[in-house]
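By written order: A, B and C. Residues from 1 in each chain.
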């Protein structure tokens, strides 16, 4: 069951497929008894982790997918550079240092004495291969779309420990972008994705019993400090209350992705998870094309009440989608105050000026985007009705909701408010502003030329100037564009058994470092 | 009997084609999967590339032709989500569901025949009323309640059973119990009803006049006659378990085909969905053929019994 | 079929028969009450059911001093669970009753026709049923979501189509069995038309089993409706149904059990009442069984037993 299927050409596994069919038929007929592998209870030096879903693949170039990255990143494979979630600093990993040698060129000095799980040694060749495979190949890497977009990179191997990377245009945050490129050996398939990669990380894949469990074991030749646990076993349970129960009953040591009502009790650990919830206002359609109506929506929403009731007191009323700790965060923007009287007044003014405030607005919600998503939208609807707008709710599943989230938007939709949530994994506002607020951004329903210009200038700046310019763009958005009603910075919950100590941080959702988990005693 | 079987199998071929055709086209009416598999910031070029890589840029008829050609080579395509062959994913998941459903149906049928017959033995008595009430309740309890409450009580509070997973016999108790209640409840109702009718039918009087004992009357002639509706309903319930063990599979982390199928619908993972539906359809067709054979056997015996 | 000499047929006697039976009459009263809630509830309590009070969330049932509206507690937005239960009865019934009736009617007529004629008509019908059963109903639901606009009629259609094969197969099985019996043969020989024969001879025999199945199908339809809401084609907030309440309360089963438990009990109560009434109707409608219902309540079991042996 552990055979890694490396899809290269369809000719290669036509025969095995038929074999699989026959073998499975035999299994069905004889009624093989045990489902999946059966193993004895976990030994003490294994950490047992309950995930909400099985990783679809462990392919490192798809590690920007939460379910994959949570297992692969920093555990199985490592990048050249690594962002410390607690400080926001970019630190060395497989590269020890780097510098910008020209506006479009960077030189990385690589770590020596590093070997891959398959035994081969790590060299600049591998690094160049991994970058090319992720950014320039045809295999459709998720990381490519997430981090690099249109931009192309050229790699040049100077010697075993020196790598040059060139960009088409000046890119001040290239080292940060490269922190998403996980390094695999040059022997890895360049034409297709691999489900079970080799890497340089502190853990290697031991067994993946599909559908049942995944076990990682400590990599003995790891270049850094050996991690405390000898092994990690992942299982997946779709139901939050079951994951919590597994920790309270001693079947698991770590349960991730819990909601306040899942009953983890005093085993629960809360942490800011880097996500910000907001309502995206479709400002191209009446009555939402009137800025007074958009401001009224912001005044009408009681963010503190929402956090206190629906989010069980977890989370914090938010002013902007870029949270603290991310380059570009503007500490001077305050959350819009709850002021129903002002909201009503603004709506009245708009009505008096002939704005079609009686047009029904639809809240497009997504079930499960965060705990109690539907309830949160019912609270918003209630407030907006009180302010004098007409509002319906439509709760959708992910794919139907995405039709509204991403361009091109459904043409027959009326004015909408979209329930959305944004998490900036990378730590730089460049990963937020263009796509969310740019006139042409993939997730942007509305932008202005002025805002576009501010964003563009900020993206090309570096150092303190970069921070300054993003701050300016955010303030302008908040005051003059008002494209969003930002709700709250969200809080995540994990449960920990008494046997394990681990401190979750803002990156835990996307990258859960096993090396940071240690036995309690 | 063999001619019957052969005719029955041949007559299932066209419906099976309809299923293949239907799933293929219906699935493609559920929206473009590109959004789900590309990062939110994907450029139009990436979308075009994704479509080309997966053949979605072809006219749908061409796509269907390609699919049929693949099928004829026993190639079921590749999962968008996991890049695994779809057949592998489906065949890995199916035995888990089949075993769970098999154990559950066995227990449900045996339990329901016993309880239903006992209830019908004295219609309208306290025992009958109690059985009817309890079985109707069992049939309507929301399954996730039962599952989560069971976990909280037996795993968290008492610590007798594991919360979830598939390792060891104890892990089967809660999933089977959760899956069992509804079919059991429905079947008790059906068996009881059919038995009440059967017990008042003329041929039972014939059997009685021949001096057959109470037990033999009930479990012999009446049950045989009551078996027809029970068999149909049991078959439909078994089909429901194959397609609908989603809640149990999700809650207990059971690696079965119900959850795989739902996930592949929600994730627009067409190849896996098609392979999964094809396999369950084959099973459903086979099950129905089996039921028809049972009917034929039953029918012969009932007639024999009446004639005797 | 023979007429029972003890009870003359007629509506009045059915009602008095019902009144004699404590369990069945309770079930009938419950169903009438739910029907009444469904009709007048939204008018009386419609506003209260959506009134949020974020300072009184998750009040447990019977909270003293919180007011009568919180007798069954409040939900996570501080709305009265009692008022929501009553109002939700309307939406729930307007989906469940048509869905069950539609699948019952179409499925059973089709099934009786198929079973009565046997041959090609029967096998084609059965293969159609196989095809429908082979499709995951969720797939149909998602297709409806993408191709049509979401509406109550669409939910009913999806639920009904998914359930038709159940009645079709059950009706077919019984009617095919009857078709070979003497009395149906006789009717046919005397030149009775096939629909008339079905109506007069097949329908009364097949109906009891179908009613039994339909009664327990209520809960299935009510719970399935809630999973459709999650896809975006079911009942959408602020409208409410029992299924949706159960689904929303699911997240809080451990912290505020009453949010999911009361609507769940409503679903169970409705289903059990329908099942008990169906069991009674089955007996009352069967001339060979009706005498059991006319017996004095005490000692009924014994007499039955003796009769059974005799």
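We adopt the following convention: a residue touches a chain if its C-beta (ideal position, glycine included) is under 8 Å from a C-beta of that chain, and two chains touch if they have at least 3 such contacts.
Computed from a predicted model, the values in this text were never measured in an experiment.
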### Message
If I average the C-alpha coordinates per chain and also across every protein chain shown, which chain's average lies closest to the global one?
### Response
B
### Query
Quick check: more C-beta contact pairs in B-C or A-C?
B-C
### Task
List the centre-to-centre spacing of chain A and chain B in whole Å, with centres computed as mean CA coordinates.
37
### Message
Counting only Cα atoms for the centres, state how far chain B is from chain C in Å.
### Response
21
### Query
Just curious, how far off is chain C from chain A if you go by their C-alpha centres, in Å?
45
### Query
Which residues of chain C are in contact with two or more other chains?
142, 145-146, 253-254
### For chain A, residues contacting two or more additional chains
241, 263, 397, 400
## Note on the structure
The positions of chain B in contact with two or more other chains are 30-31, 148, 152, 266
### Query
Can you list the chain A residues touching chain C in their complex?
240-241, 259-263, 302, 305-306, 308-310, 367, 371-372, 374-375, 377-379, 381-382, 392-397, 400
### Task
Could you pull out which chain B residues touch chain C in their complex?
11-12, 14-15, 18-19, 22-23, 26-27, 29-31, 121-127, 129, 132-133, 135-137, 139-142, 144-145, 148-149, 152, 182, 185-186, 189-190, 192-194, 196-197, 199-201, 214, 228-229, 231-233, 235-236, 239, 243, 261-262, 265-266, 273, 277, 280-281, 284-285, 288, 295, 299
### Query
Of all residues in chain C, which touch chain A in the complex?
50, 52, 54, 57, 76-78, 142, 145-146, 150, 229-232, 236-238, 248, 251-256
### Contacting residues of chain C [partner chain B, same complex]
23, 123, 126-128, 130-131, 133-140, 142-143, 145-147, 165-166, 169-170, 173-174, 177, 208-209, 212-213, 215-216, 218-220, 223, 246, 250, 253-254, 260-261, 264, 267-268, 271-272, 275-276, 279, 282-283, 286, 288-289, 292-293, 300-301, 304-305, 308-309
### Residues of chain B defined as touching chain A within the complex
30-31, 33, 35-43, 45-46, 49-50, 53, 73-76, 78, 81-85, 87-89, 91-96, 98-99, 102, 148, 151-152, 155-156, 159, 162-168, 250-255, 259, 266-268
